[in-house]
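Letters A, B and C mark the chains as written, and numbering starts fresh at 1 in each.
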Amino acid sequence: MTNYARAESPVVLTVSAASSLTNAFKEIAPVFEQQNKTIKIQFNFAASGQLLQQIAKGAPVDVLASADQETMDMAQDKSLIDVGSRRNFTANTLVLVVPKNAKQVPLGLSDLLKKNYQRVVIGLPASVPVGRYTQHVLEKHHLWQMLEPKVIGAQNVRQALDYVARGEVDAGFVYATDALISPQVQVAFTVPTDKKILYPIAMVRTSAHEKEARQFLAFMNGTLAQAILSKYGFGKP
Amino acid sequence: MDLESLKMSEAWIALRLTLLVAGCATLINLILGVGIAYLFSRKKFWGKEVLDAFLTLPMVMPPTVLGYYLLVLLGQQGVIGQFLKSHWGIQLIFTWQGAVIAAAIVSFPLIFKAARAAFESLEAQYEQAAQVLRVSDTAIFFRITLPLAWRGILAGLLLAFARAAGEFGATLMVAGSIPGQTQTLSIAVYEAVQAGQDDTANFLVLLTSIVCMSVLWVSGRLMPGRVVRQD
Amino acid sequence: MTTLWNIQLKKSYQHELRSFHLDIQLQSDAKRLVLFGPSGAGKTQILKMIAGLIQPDVGLIQFNGNPLLDTQRNINQKPQERSLAYVFQDYALFPHLTVRQNVAFSTNPSWFNKGKSYTTPGVDEWLDKLQLSELADHYPHQLSGGQAQRVALARAFVSKPQGLLLDEPFAALDQNLRRALREELQFLLQELSMPMILISHDPEDVAIFGEEVIAIDGGKRI
């Protein structure tokens, strides 16, 4: 029984999400919209740092999902998010990937110092979480300074992945979930990080659609969303 | 040195690199653009206007599209990229030379079109008079054609330099962003904003604005309003 | 016995809806030849073809028995090689060079123009003969019509041509100047004994210079 009396246009929810969440979120959106017919999701994917800057400069975003705690902490410090709504909703792992047809596959981080690895792509640590994770790990192993001349900076994790896929670089640091979606790369090994990589999600304080934003956040922690995330290689938070 | 002042010194590196890349790109375009424009203005050949449109394409194409084409052609899996790698061990992606190529391609039409218009608006009788006076065609180009057309060419040259200096999309895809190697001013601004480094961003924007205004000032000096008229 | 000029030219022009057919046959021994006719008759086209600045569809041009152009035998000398000087209707003086630099132009084969002080005895002689010495450092836009015409002549003569082609040389000048310059030109031609072809639509030019006159209209002799 359709109600013609009051046809309201759907609420458009703007969700800024880290690049690594692109494929999973795109699959989650229609499922959410099915269950919440009055809401339409509009995505904005970029490096977490860039997303933060956009919100800081007043972009009308309702939900922020970043790839690291640091970005969300900065958002919290600037009073950009509703603290009560902040949750960790998924997890990821850092991996080293090489082109599919690579002649040599590195077995450990120090292998990257060898001459046959001339270019290694890493997300720009200033704005890309995967780059920060990588820098922490490399610094811990005292390899950061020595690898610097070989480093190519990427604007976001998907660009890093693309460079490896094209063979423009010899190796790159991306998330396990990114490696899964590209048939042109192979995982050399998983890179253990000090702290587990946890993705936080929160409602933006100035959101004009509080009710709908909270619905989305609740959905993200529900079984359906988690199952889809799992399918793409994300872990439990 | 704290992180921000470190970034500021990188700003000077970015400036130097921008001038280097834009300078090389403009020099290449000067020779190629003027040469090809001269051929276009003086010779008739089949398909001339189609070729002209093709050469003007980089001016209207989105830089990212251009960057993508370049990446595909010049990269490891590209036709030209593989040729360069196997014959001379040259890899253009992520190098300042790659940035020069990207900048040169996007700004080529600006010199080409301006030079072609300048040559075509030159009355034929001057070159004809020079021919009858027994001076070789090459000498005529340098002694008559170029001196009489240089103002129009210069206008195109300055626009091309400014365009090359500001190039972002294609350069980012082809050359990446490597401080000291390929991180030009516009890319540096983009990253500073992304990283929330407003002070650095402001400084870079100021630097870039000064460069642009200097170009305009120089052009104003080189092209005075009055033109020598023959009555 | 060779004639001085043997000229046979054919060229078809298509411009939008109009077509124009040039078909000229002329042989002459006259040292002063005038091509006379109304504007649009094709006279300038003929002169430019003789100089090598325009190409006919089919043609033969012989000067003193020397073939400058023979389309049948694939002979086509470049304008630089034909040894014929050409004076344009509005003189075509190089606007960025001084009078001296203009006049001296043909003496310098290099890729770069020489400075304002560069000169040769021939250049000095002609500047003197045509009363241009005081104007040597002026630029063309600073000259009067009559002065510009003399510079064009001096420039032509310095190149040591074997023949002279003039396209309406006096058209831009007033009556008095015309008379004065006609006399000057006559005097010079007598002194140099150089063959000349002159284009004009002015009957006075014909009377003075026309040892032989060829009337042209619609691209053909009439």
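Going forward, a residue touches a chain if its C-beta (ideal position, glycine included) is under 8 Å from a C-beta of that chain, and two chains touch if they have at least 3 such contacts.
Just so it is clear, the model here is predicted, and its values are computed rather than measured.
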Whose C-alpha centre lies nearest the centre of all protein C-alpha atoms? B
Tell me which chain's centre, taken as the mean of its C-alpha atoms, is farthest from subunit B. C
Centre-to-centre distance between subunit B and subunit A (centres being mean Cα positions), rounded to whole Å: 37
Inter-centroid spacing, subunit C versus subunit A (mean Cα positions, whole Å): 79
Round to the nearest whole Å and give the separation of the Cα centres of subunit B and subunit C. 43
Using the touch definition up top, name the residues of subunit B that touch subunit C in the complex. 123, 125-126, 128-139, 142-144, 147-148, 228-231
Once bound in the complex, which stretches of subunit A touch subunit B? 47, 49-50, 52-53, 56, 74, 119, 124, 126-127, 152-155, 163, 166-168
Residue numbers of subunit B touching subunit A in their complex, please. 71, 75-77, 93-94, 172, 176-178, 191, 193-197
Contacts from subunit C onto subunit B in the complex sit at residues 48, 51-53, 78-82, 84-86, 88, 90, 92-96, 105-106, 108-113, 139-141, 155-156, 159
